[in-house]
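Note that chain A is present in both complexes that follow, paired respectively with chain B and with chain C.
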Partner chain A sequence: MSELVTCKDLTKRFGNHTALDHLNLSLDSGKIIGLLGPNGSGKTTLLKLLNGLLTPSEGEVLIAGNHPGIETKRIVSYLPDKMYLGSWMRVSDLLTYYSDFFEDFDMSRANAMLESLKISPKDRLKTMSKGTKEKVQLILTMSRRAKLYCLDEPIAGVDPAARDYILSTILNNYEPDASILISTHLISDVENILDEVIFIQEGQLKLHASVEDIRMQEGESIDSYFREVFKC
Partner chain B sequence: MPWNLDSSRPIYLQIIERVQMDIITGRYQPGDKLPSVRDLAQEAAVNPNTMQKALSELERSGLIYSQRTSGRFITEDKELIHQMKKELAAAEVSAFVAHMKQLGITPEEIRQLLAETIEEEENHE
Partner chain C sequence: MLKKCLKHEWKACWKNMALLNGVAIFMGALGGFGFLFSHISELPDLLIVLYLFAYVLIVIAASVMTQVLMIQRYYKNLFTDEGYLTNVLPVSATDHILSKMLVFGAWSILNALSVLASFAFLLLPSAIRYFTANTLLFYNKTMTFSDFLSYLWAQITGVADAAFSLIGITNHIGMALFSIVGFFASLFFGILLFYAAISIGSLVSSHKILTAVLSYIGMTTVIQIFGGISIVRVFQDSTPTAVVTTSSVSTLIITVVLCVVLFLICRYILSRRLNLS
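Right after this comes the complex of A and B.
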C-alpha cells in the first residue's frame, strides 16, 4: 500500500475567511475514504485543491508525488458538486467528449451502467431530472480507470434504490489499487463501504481513522458518532 | 439484496457470524467453494477490504481454507464445525441466563420456564 495523496500544512483563505487551516493528511491507495464534516467545514475546498481548481494559499498538496496539473488529472477522476456539463449535450455526446479527453475512459463500462439505470444515450441533459443528471455525471466519473476518484456529494439527489445501485457500482468498478474519496452527508448510506473516515471541522482535521476501529471503540455507527462529535 | 448489517458493530465480525451461521445451517456444505472476495463484498454491499479481513479471520480459525489458485473452501473437518456449533449455543445460553437474571428470575424458575416452553413447542409440532 503506497501513499497516494499528501497534504502538508494545506491552507486556503478566501479574503479573511480561512476555509482550510494547515491541514496535514495522507491517504493510501486501495481505500474508500469518507470525507465528512458539517456544512462549510472545507470539504469541497479540499476536493477542489486536489483537482487544481484552486491553488493553496499556503502549504502544498501532492498526488502520487506531483502537484495538481496535467500528470495528476490523468489519474484523478473528479465529480464536482455542481453541474459542469453543457445542458444542450446528449448523453452520447458526453461519452465521446469524455473518451476524447481521458485516455482511461472505458466506454463499455459507461454504456453498461447507462443501460442498467435505463438512461438513453439519445437524451439531452436539459430534459433530465436533477437525479438523472447526477447519475449521468457519476457514470462518467466512475467509467474512468483512475487511481483516485474524488466524489463531491455523489448521491445527494438520487433516489434510495438508485443509491444502492450506485454504491454497488462504485464497489464493482474500482480497481484494488485505486482510492475513492467521497464527501457526503448521507453517512448511513455509505458507511458500510468505507475503509476510513476523515472528519474535518472549520478547515482543520479532527479525526482520520478506520471505520471498524470507531465501531469497535465507540460501539456506535459512524453516523451516530458524527452526530455526537459535531453536536450543535 | 445487501446483507442485514448493524453499522454500530464492526462489520467484519458480523460477516464472520453470518458465514458461521451459513455453515451451521448447511447453506454452505463442508468442502463447498466460497465466492470470490469481490463477489461476496458486492453481495453484502460492504468494502472488499472488510470482506477480506473477515475471511482471513475465518481462515485463521480453520473454518475455511484457501487453495492458492482455486479459491477458498469450507472446511471438511466436521468435528470443528460441531465444536463451533456447541460454542455458539453455549454463548446464546449464557446470554439468555444473564437476561433472565436481570429480570429477577431465579435459576429454578428459569428451568421451569424452559421446560414448559420446550414442551409447548414439541406439542405444536
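Right after this comes the complex of A and C.
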C-alpha cells in the first residue's frame, strides 16, 4: 500500500467562513474510506479540493504526489452531489463523452451496469427521474478504472432497494489498488463496506481510524459511535 | 485533446444554432418565393406588414440569440453544475477556452452567412423575375441579370480600388490578407472579452453575473479610452496613407495583444483560481 492522498495544512475559506481548517490527512491506496461528519463540516469542500474544483486558501493537497491538475484528473473519478449532466444528452452521448476523455473508461462495464438497471443507452436525460439520473452518474463514475474514487453522497437520492445495488456496484467495480472515499450521512447503509473512517467537524479532523479498531475499542457500530461523537 | 473538445463543443451547440439560423434562412426563402409566385399588389397589406415584421424580428433574434447562447454556454459549461464534469476532465484550461472560442467564432461567421443567405433568398427570386420579364435599360444599354451582377461587382471593386489608390495602397493581396487577419483578431477579441468578464465574475462568491456585466463594461470602457487616445495620436500624422496604414496596423497589434491578455486572464482563473460554488 502506498500513500495516495496527502493533505498538508489544507485550509479553505469562503469569505469569513472557514470550511476546512488546517487539515492534515494521508490516505493509502486499496481502501474504502468513509468521510463522515455533520452538515457543513467540510466533507464536500474536501472532495472538491481533491478534484481541483476549488483552490485552497492555504496548505496543499497532493494525489499520487501531484497537485490537482491534468495528471490527477486522469486517475480520480468524481461523483459530485449535484446533477452535472446536460439534459439535452442521451445516455449514449455520455458514454461517448466519457470514453473520449477518460482513457480508463470501461465501456463494457458501463453497458453491463446500464442493462442491470434497465436503463437504455437511447434514453434522454431530460425524461429521467432524479433517482435514475443519479444512477447514470454513478455508473459513469464507477465505470472508470481509476486510482481514486471520490463519491459525494452516492446513495442519498435513491430508494433503499437501489442502494444495495449501488453499494454492490461500488464494491465490485473498483480495482484492488484503488481507494474509494465516500461521503455520506447514511452510515448504517455503508459501514459494512468501509475499511476506514474519517470524522470531520467544523473543518478539522476529529478522527481517522480503521473500522475494525473502532468496533474493537468502542464495542459499537460506526453509526452508533458517530451519533455519540457528534451528539447535539 | 483540443480535437475532442472541439468535437463535443460542436455537438453540444449545433442543434440550437442550426435551428436558429435555419429559421432565419427559411423566413427569407418563404418571403422570396412567396413574392415570386404572387403579385405583391394582390397580397393583403396586413399580411405583407406582418411578414416583414416577423422577418426582421427573426433575423435580429437569430443574430442576438447566437451570441447569447454561445456566451451562456461558456458560463454554464464551466462555472455552474455542468462545470462539475467539465472541470474534472483531464483537459487543459487552454483547450477548454480555445475549443469554446473557435466554435463561438464559427457560429458567428455562420450566423452572418445565414443572414446574407436569408436576404438573398428574400430578394433574388423577385430580382430574377424582374430581369426575365423586363430588360433593364442602364445608361442606354440593355442588361441581362448576369450583366447586372457583373456591373455591380465592377462597381464595388472599382470603388475599393479608388479608395485604396487614394490612400496609397497598391498591394491588394497584402491588404486582403491584412483584412482577414484583422477580421479574425476582432472576432476573437469580442469573444474573449465576454469570456474574461465571465471568468472574473466567477471569482466572487455571490452576484457572479452582475460582477461579470460590470467587468465587461469596465474593460470595454478602458479599452475604448486607450484605443481612442492611440488613434488620435496617429491622426497627428499628416498624409492620409500614413494615417490609414498606421492606425490600421496599430489597431491590429493592439487587438492581438488584447486577445492574448484576455486569453491569459481566462486561463489563469480557470486553472489557478477556480472556485465552483
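Please note the rule applied: the second predicted complex is superposed on the first by the 232 of 232 C-alpha atoms of A that agree within 3 Å, B and C clash if a C-alpha of one lies under 4 Å from a C-alpha of the other, contacts with A are read in each partner's own complex, and residues count from 1 in each chain.
Definition applied: contacts are C-beta pairs under 8 Å (C-beta built on N, C-alpha and C of every residue); 3 or more make two chains touch, one makes a residue touch a chain.
Just so you know, these numbers come straight off a predicted model, no measurement behind them.
Contacts of A:M107 after superposition on the shared chain: neither chain B nor chain C is touched.
After overlaying the two complexes on the shared chain, residue contacts for A:I222 are found with chain B alone; chain C is out of touch. In the superposition on chain A, contact of A:G86 is made with chain C only, not with chain B. Of the two partner chains, chain B is the only one touched by A:I32; chain C is not.
Once chain A of one complex is fitted onto chain A of the other, the partner contacts of A:L167 are limited to chain B, with no touch recorded for chain C.
Chain A contributes residues 30-32, 164, 167-168, 171-172, 176, 188, 191-195, 211-212, 215-216, 219-224 to its touches with chain B in the complex.
Per the touch definition, chain C reaches chain A in the complex via residues 1, 4, 7-8, 11-12, 15, 81-85, 87-92, 205, 271-276. Residues 14-15, 48, 51-55, 69-71, 73-74, 76, 78, 80, 82-86, 88, 93, 97, 100-102 of chain A touch chain C in their complex.
Of all the residues in chain B, the ones that touch chain A in their complex are 2, 5-12, 38, 41-42, 45-50, 53.
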